[in-house]
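In what follows, a single structure is set out as structure tokens and then discussed.
Order as written gives the chain letters A, B and C; numbering starts at 1 within each chain.
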Amino acid sequence: MGVSDPTVKTTPAVDETGEGSSRVLQTRGLTKHFGGLTATDEVDFALEEGELRCLIGPNGAGKSTFLNLLTGQLEASSGSIYYDGREITGTSPHERVDRGITMKFQVPSIYDEFTVAQNLRIPLQQVVDGDEYGSRTREILERFDLLSERETTASDLSHGQQQRLEIGMAMAMEPNLMLLDEPVAGLSVEETADIAELLEEIVADDGVALIVIEHDIDFVESIADRVTVLDQGSIFREGSIEEIRADPEVKRIYLGDDH
Amino acid sequence: MAGVGLLNFGFEFLEIFAFIVLATVGLAVIFGMMGIINLAHGEFILVGAYATTFAFAAGLPLPLAMLTGVVLTAVFGLVLERLIIRHLYGRLLDSMVVTWGISLVMIQLVRIAFGNAAPGIGIPFGELPVVDGPAYYLVLGVLAVGVLGGLYALFMWTDFGVRARATMQDAETARSMGIDTDRMYMSTFAIGSALAGFTGALYAPVMTITPQYGTGFLVEAFVAVVVGGSSVIVGTLLASGFLGSVNAVFTNVTESTFIGLVAMLLAAIVTIRLMPDGITGFLETVRQRWGENR
Amino acid sequence: MSHGTSDELQARVTGLLGGPNVMGNSPAFWAGLAVAVALLAALPVLFGYYAAEIGSVFLAYALLAMSLAFIWGYCGILSFGQVAFFGIGGYAFGIVAINVSTMGGLTLGLVTALVVSTLFAAMLGYFMFYGGVRDVYVTILTLVVALVLHTFMGQTAGGEWAVGDARLGGFNGMNGVPDLGIGVGLIGYEFGIAAHYYVTLGAVVATYLGLRVLLNSRFGYAIVATREDETRTEMFGYDTTFIKFAVFTIGGAIAGLSGVLFTTQNNYIDPSVFGITAAALPVVWASVGGRTSLLGTVGAALAIQFLDYRLAISGSEWALVVIGSLLVFVVLVIPEGIAPGLHDLVVSRRSRSTSAESPGSDGGANAEEVSD
């Protein structure tokens, strides 16, 4: 369980030390079984600092499992995870958060009963002191266009506002790496464009690396530097969005899934 | 001599095993199928015991008196389900709190209505040869195994069982497939109640019946449900077998039923520490691990 | 939301005590609370020592009630076994105070009782939360612990079940437990009836204020966040396992203190404190009063126990029937309990009237918000 095996095949992408490397995240032979089912199969993945990577693939390709392995919500069956040059395989979710990994869930999982300000307090009080707290809250509310909703109960927000609040809460943690599971699912065209702009800003201004799971290929095209295609638990293709779009094999696995 | 000792030990095990199985099974069916912990479980057993005792005192032969106990408890459970319990599906903690309220009311109502004692029933079938104890305990052992077998058949092989399990796994999907889930819950609750009534009826001749009678079954029942895990019938069987043997061994060695009980509870605590999802949950994990290594 | 700058100290105190995690922080609320405490303080003067004796017991129950409201209402841990810590506190005090029959023994008894009940809660909590035991299993295990203690203490009638001079006494209970007191060696002060009453009242008020401060602190937000969504909260870097463990332990300590106050008032404790009926009472108080309201739970404990007492002295056997029915009724009709139910009613009434007077006063307030 989660113990790295030095005999695992080494791919050129792997950087053992991480010293002087610009890689923020790296996985080696990352595998997760559920009973007889293999959800992720020997995944070797690497992400540069400040990179925005989209993870696509048909349903059941293992995208969400992969993300949950990175956050520590799931424990890997085998393989290892390196973050910032150090192995984090087997550490608890809150330890990973302390090191700068944060996640935005697929379903908006803000605290429904709390107001917007109280929601923000939960991550903020982890990173700032009492005096700074008020100004940081205001800053985040302004940036994520929620200032007028400060005292609104979160369950009364619109879907788009909830998504923004959740990204705001993740950013309040001052992360280094943010994982987002379908951030624009169910949003309107305008809301989707808003989120795309926000994410690009987060990468450009804050230098946060992002991994985004997404089905909406237009959205992917609008934000991604590089795209990784997962299929049946393995990395199927990796490349720029143009390369992936042009790849007939990628089309085939998607069509095979949909029809 | 050693042979007699072994027989005595086996008899003791059977007695404890039967008690745990019968104490647990009604609670386990309702919990496993509906996710409701019925804290009035002991008082359902109490209803079965009182109905049996009074039917017997009124002149009914014992088997018929016991049947009366089972039927009355089932009807009683059904009425409670319609009046109160059905409003609490999906509210796990609330259902526990409410059934506890019901339990308080019932204990006190029984005390007010019948006082602190009820007429007794003699233990039928007399004493066993060789082994030290009444033959009735053998009957209880056989019935305990029979009840588990019957439930297994009911839930695995009958049409009702398939629908009940479908409801348990995913009520939404079951409804979309045309299963009347409301009725499934109602029937399952009635079956659980009838089983509690059966336990009360069976132990009416053995234990002195007081308003607190039902509480005497609770510790064993709760512990066995937790240790057994989510798979009701197999869980009850394994938990009862395991806890029963620990209890019997320690009772036998130390000749103190109290130490036997303490040893059993310690064993339960260690089990839960090692397997928070109970024995059946653990077995499921083992099965999955095995699947991984294929 | 701008704070009045005129009285900084007052703002800081209310800021410490108030916040969204507890109900009531208006001047009217604090005035009402002060009046209620003053009335309770006047009780021995108005009704005499007998009222103080009964009142002490009710207030000890109120403390026990708060211990459950804290862990269940704020952290979502439903314990059916708060009476276990209550009883352990009482027995531990008795054992020490009977053996060390000096004034210092009373202090030692109190400290020992608090340490033992807290440690017991910590052990049980560690075992459950770090062992992965969750939800209803926690509830059942805590009840089983109480019932096992009931069985265990019940069979301690024999002379061999004694700790020094303190005989456990089986179902007949432990007699001759001294009054509470403070002192060192032979010098000190043993609380009489009125003093004991005021000490208990003081403990209730101090615990209430202390829990308010805790719940509105950084840790308090973490507690409530854990109740709302454990996974999410863990993703913000909180160690939710530790939070649950700590909350459960604090709850055990409060319950242990209430057990000491109860036992020293009666000078007696027996295993019925671990029994299924006793174990149900905290759950009744918290459910009826409203588990997310510390004061509601306290009020429910005082009211229900007063009702129970009045029924008992009038010779009625119906108290438990009434209490049980009340529990069923409240959970079915007002699931969150009476105090939060009333609070919601008042808040929605008030917000409806303000929104009717000045629609859209909130600037960006939209139509959905007003209709809600």
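Everything below uses one rule, namely that a contact is a pair of C-beta atoms (placed from the backbone, for glycine too) under 8 Å apart; a residue touches a chain by one contact, two chains touch by 3 or more.
The model shown is predicted, which means the values in this text are computed figures rather than measured ones.
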- prompt: Going by the stated contact rule, which chains contact chain A and chain B alike?
  reply: C
- request: Would you identify the chain whose C-alpha centroid lies closest to the centroid of all protein C-alpha atoms displayed?
  value: C
- prompt: Which one of the chains is farthest from chain B, going by Cα centres?
  reply: A
Message: My parser should flag the chain pair with the most contacts; which pair should that be?
response: B-C
Query: Using the average of all C-alpha atoms in each chain as its centre, how far is it in Å between chain A and chain B?
result: 48
- line: Cα centroid separation, chain B vs chain C, in Å, comes to 33
Task: Can you check how far apart chain A and chain C are, centre to centre, with Cα atoms defining each centre and the answer in Å?
output: 42
- prompt: Contact residues on chain C for chain A in the complex?
  reply: 1, 20, 218, 221-222, 225, 228-229, 231-240, 362-365, 368-369, 372
Message: Looking at the complex, which residues from chain B come into contact with chain C?
response: 37, 84, 87-88, 91-94, 96-98, 100-109, 111-112, 215, 218-219, 222-223, 225-226, 258, 261-262, 265, 269, 272-273, 276
Interface residues, chain C side, partner chain B - complex: 78, 80, 127, 131-137, 139-141, 143-144, 147-148, 151-152, 155, 276-277, 280, 283-284, 287, 317-321, 323-328, 331-332, 335
Query: Given the complex with chain C, which residues does chain A contribute to the contact?
result: 71, 73, 92-94, 97-98, 102-103, 105, 109-115, 118, 121-123, 125-126, 148-152, 156, 169, 173
